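Following are the structures in question.
In the two complexes below, subunit A is the common chain; its partner is subunit B in one and subunit C in the other.
Take a look at the complex of A and B:
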């Protein structure tokens, strides 16, 4: 038994767990973060979608316009608008403070994707905002020779025929960075190369002369792997062009940057971090959680705290476990309601299983069928909460932000 | 018969690539296919009798892939198993043989007077000979100590007590760094514990398994397990100074050699974690330590992070020395046990460690602190900054009264 009693033990190091640890430690709480894996932010886009599609269909211009269509039980309705606004401000403050600013909230911001679509997001780093290309007549879509999963031709083809882009000319372009090998590398490898002086100047030099000044450019997310805007600023100013990094299939560098920023902040805030540690059980007494246990080399160890925040994700993160016909929450074994028909065969449709999770009250405690909290000092945050079909409505990191903030403010 | 027998299910893997973006070797050496390909993806081929990806020997066994994976896939183990010739018949080379057999080398060196050993190991000629055998002449090879730790310990005045603790000191402490072993024993005795250094313990086996000699490692596992199990059964705590030994003795024995270690897994406490528990119980007091103008930069060994118990040494240092301690948080040092000593891997190790070296130098700290012996060697080699195990710092605040400088 570890003697220390923390104010908050956070389970999971995805977007929700990292933010909850940062928010609670910033307000002076003693925090320990226990995580089995690196969390989906490591490979995700790092874009914070709030609500991109209305639940009754259609892209939203402003996420808050869609709130009236949210079904009862949606995590945003538990949080309320005021808490969401505060969470957004708190996130932007952190980004500013850590030298990796995101753009202010201003309705949905659109980000180009490698599939040739426009993705409605909400909080976006400046390097990914499509709006920056507004003034450019010519937009070059520049790929890197041999890079996986990014085809300038596909993007040009799709965007040229979009109403949103009428009056713009799209041209495919290709940069060669043979230093990365002939083929088979992804945006992460290229971004790491761009971290170096050699890589950054190679990219700039090989584009100069191929583009005209004042143009716009869409490129894969390769402007450095570290949290900061210096590579972006430098490329932009030396090429005299507006630049927009696109969202790509995982692993995407852009989430990795945000994760590195948050991890660095956690360290500076004195949050204790236990990696490669899976919480295997919890000790509960009189409606409260006393401790959680992990299996380490010294045997099973329990960790005590006054509060626990479960940010263990869904099926991917390991927060939910399933067996034939049954789903439960992994740490406390809480039952998860599963309507008939888990999945729809059409992947563009809403999927029941995306919304599977723990039912919570407006204090983010798990609650039973009668709405009574199960453990009053255990809070849930992020994907583990029921009621948001985030891949469909584009709300994943938004739910993680809002709920992790609310849970931290309830401590 | 395959020496590493873990039931490996590659289908646990969802292909998310979190492991590959977290692999320090894949970052430094693009020719390495990375953990996802070397591990689960190739495993599907290997299980069906087809060769997997090439160049998996680039894997340094640092275990950052395991730390990143959300699915609990034993990524590094798959690669290690494959490297042990389970399916692809890769033959271990001479440098692997040398690096896997530190204790045997140490026994040979122990026959000669220490000044000769020191001279022979540091001389240009012998580094050239070793270079020819595949141990890079530029690598910061540590020098055998004049007197090995078990002998130092034997000569020590016996301290008897009803409170007993077992120490698995490990090869690095035994042959290169007996002072750290002594520092830890001083602390334990100060807290009223009699330290037992069991006869007959051998190398934990990790360097063997990592260099392609899993069969030999399995034998060592059976020996150590037999000895330590007895103490665990009697409720006498077992501690280790080296995080890699601790990880091997506990989690990895069961995963790699379930037949050699039948029964309960061993519980082996990290030295600093044990010290922290003594303080909690009031058995050891931290004195008002005099920091003496020192500042410390802490490096978390990857195998300590992989053990899943946080950073007890860092937390302890923070408690004792406050803001004078900073966590470098700069990832793998690049040495990964014996990896960074090898020809062809030395450059990769240096490249991996560069972020850490920069952080250590930038900190201006007077001492680097890390639990792992080879991490310490690599840090000093890469920065010129002296490095110590946290117990050596803790001793100043518990047994002595701070630093005097």
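Take a look at the complex of A and C:
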């Protein structure tokens, strides 16, 4: 038994867990973060979507325009607009402070994807903002020779046929970086190479002469693996071009950068970290949680705190477990409501299971049907909360941000 | 082949409708006997029942009590296919298991039935059975070894068609026979619609064979003939785990959920029997998937903790002799109808039977067709291998570019096209990279399959290579496959999403009925990659 009683024990190191730990530690709380794995941050884009699509259809210019169409029970409605605004500001502050600024909040920002689509997001690093290419008539879509999972032709083909881009010309281009080998490498290897002086100059040199000054470029996410904008700024200024990184299939360099930034901050804040530790049970007494137990390389351990924040994700993160016809929350075994028809046979459609999760009240405690909290010192944050079909409405990291902020402010 | 113009108005002795195993077997047989024959398939080869089945090469034991004739046929054809189709058959062997909940008397009748039909069986103790198959229920009371094997329907169909090609047999896919032309009571030809372009061609011929499985009644209707078929749906589950090293059957009166067939790293479990609304009714319901999953646990109790990759279903063309015989009780033996009796000569329908007995069925109908052309050559399909062994020189070359077990696998999947893939890998080391890590598909193999004119969609390439059939169900290799299609310039005006979405949708459709347990994280991941990150179905901003 570890004797210390923390102010807050956070379960999960995805977007919600990391942010909750950062927010609560920044306000002076003693925090321990316990996590089984890395969550979805490193495989997602690191972009913070707030609400890209209204539930009645259509891309939103401003996420807040869609709030009136949210269904009762949506996590944003539990948080309220004021808390969401504060959460956004708090996030941007952290980014500035840590030298990895995201762009100020200003309606939906579009990011190009490897699929040749535009993705409506909200908080976006400057290297991924399509808006920066507005002035460019010619946009080169540049891939790296032999790199996996990126095709300039897919993007050029799709963007060339979009009415939205009718004044632009898209051209595929290929850069060769034989230093990385002939094939078999992905954007992560390329980004690591670009961290080095040698890699960065190689990339720039091999593009010079191939592109006109003042053009735009769409590239895979390879502008360095570390949180910061120096690779981006340097490539941009030396090539005299506007550059935009795209969202790709995992692993995602851009999500990895955000995670590294947050992990670095946690270290500086003195947050204790237990990695590769899965919470397997909780000790509860009189409507409060006293401690949780973990199983990990060092055996079973118990951890005590005054408050617990469960940011254990959904089915992918491990926060939800299911058997045929039944879903439950993995740590406390809380039952999860599951309307019939978990999934639609049409992949593109809304999926009911995406909204499965723990029902919470507006203090983010799990609650029964009357809204009465089950454990008043246990808060939930992120995907584990019921009510948001995030892949459909494009709200995943936005919900994680808003709820992790609110949960921290309630401590 | 997809070239339609080249065969428009060209005479063929025989036109075969249907590119399942039955049609493919007939194409091979007739071509070997010297008849000029072409096969038309409305979709992809092996996309009907021949890829929506259990994958069991029957030893005959399953039918020992209910259908002795089928049992005997299966027993002898099983031996034939083990000889001629070694690149499609996995000689795993099989086991029959009776649990304490199953009828003891049936066991006796079963043994008598096997002996009477010449079906091999060998008694082993329950303890031995559980030693050989450690996951078996402790309720096991008695067990027997039989000669069941696993068979790959995709490969079997392709290998028949490609073997027929050596004898001049021709085929077209995405070629729907829309009309059968006749005059004066004699078949004169068919009209074939290119399902991709919508264009139609005429192909004159002397004889038409209807080998359209559960669609046979629809096809016969094209000439106004009636065939009594009752479509019956059978659902199956593909588990992402090999529970048993051999086929495991439940020893009881044939019923739902009796059979586990291990295929490579997965196990196919089923089946069910229920009324189907028609031959296309092949989507299992969520309830069917759940029902089956429950039954699986009765034989392998640990099964619950394993992921179900997907559920799928096929339709059996059961013979509707009279309304007293329905479902599993109806005979599964095959029927050949020469429509000369209906006043139309040169039109013959074959349906029913089993994949295991396809060669025998093809031989029987080919004998009749040959008779009409006064051809006396004997059937030789049981003597010659579908795909000869890989030559030593190819094997030596392959060793240098593919891992040892990989070469045989690629050869089995690509057959005569193996050398094309080999050359690609030899010429460019990049082509040795894996496109699909779960199913071991290299870029060289993928590109070889993708370049064929029969590859109209990513699903067609999947059926040839198994890309996308593993753990990720296409989440990762799907995008990689798309990148490769663009790299090869095969996208032809089509957008990326237009090519990839139907493939994802098709994979999703099979995952959907079995969405629980370990399937959920994978589903959530796949949906997030393509919707959250890539916004695959997204439109454009205003």
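We adopt the following convention: the second predicted complex is superposed on the first by the 407 of 411 C-alpha atoms of A that agree within 3 Å, B and C clash if a C-alpha of one lies under 4 Å from a C-alpha of the other, contacts with A are read in each partner's own complex, and residues count from 1 in each chain.
We take it that a contact is a pair of C-beta atoms (placed from the backbone, for glycine too) under 8 Å apart; a residue touches a chain by one contact, two chains touch by 3 or more.
What you are looking at is a predicted structure, and each value in this text was computed from that prediction instead of being measured.
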Of subunit C and subunit B, partner touching more subunit A residues: C
Which of subunit B and subunit C A:163 touches, first, second, both or neither: second
Partner chain in contact with A:274 - subunit B first, subunit C second, else both or neither: first
Contacts of A:38 with subunit B and subunit C, given as first, second, both or neither: first
Partner chain(s) touched by A:250 [first = subunit B, second = subunit C, both, neither]: both
First, second, both or neither for A:183, with subunit B first and subunit C second: second
Partner chain in contact with A:120 - subunit B first, subunit C second, else both or neither: second
Subunit B versus subunit C as contact partner of A:107, first or second or both or neither: neither
Partner chain(s) touched by A:149 [first = subunit B, second = subunit C, both, neither]: second
Partner chain(s) touched by A:73 [first = subunit B, second = subunit C, both, neither]: neither
Where subunit A meets both subunit C and subunit B, residue numbers: 40, 43, 250, 316, 318
Of subunit B, residues touching subunit A in the complex: 14, 16-18, 20-22, 27, 30, 63, 66-72, 246-247, 249-251, 267-270, 273, 277, 280, 305-311, 315, 318, 327, 329
Residues of subunit A touching subunit B in the complex: 3, 32, 36-40, 42-43, 180-181, 185, 188-189, 192, 250-251, 256, 263-264, 267, 270, 272-278, 294-299, 301, 313, 316-318
Subunit C - residues contacting subunit A, complex: 283, 286, 290, 293-294, 304, 429-430, 433, 476, 479-480, 482-483, 486-487, 491, 495-497, 500-501, 504-505, 508-509, 511-512, 515-517, 520-521, 523-525, 527-542
Subunit A residues within the subunit C interface of the complex: 40, 43-45, 49, 52, 59, 61, 108, 110, 113-120, 146, 148-151, 153-154, 157-158, 161-164, 182-184, 247-250, 252, 314-316, 318, 320, 322-326, 341-348, 351, 353-354, 390-392, 394, 396
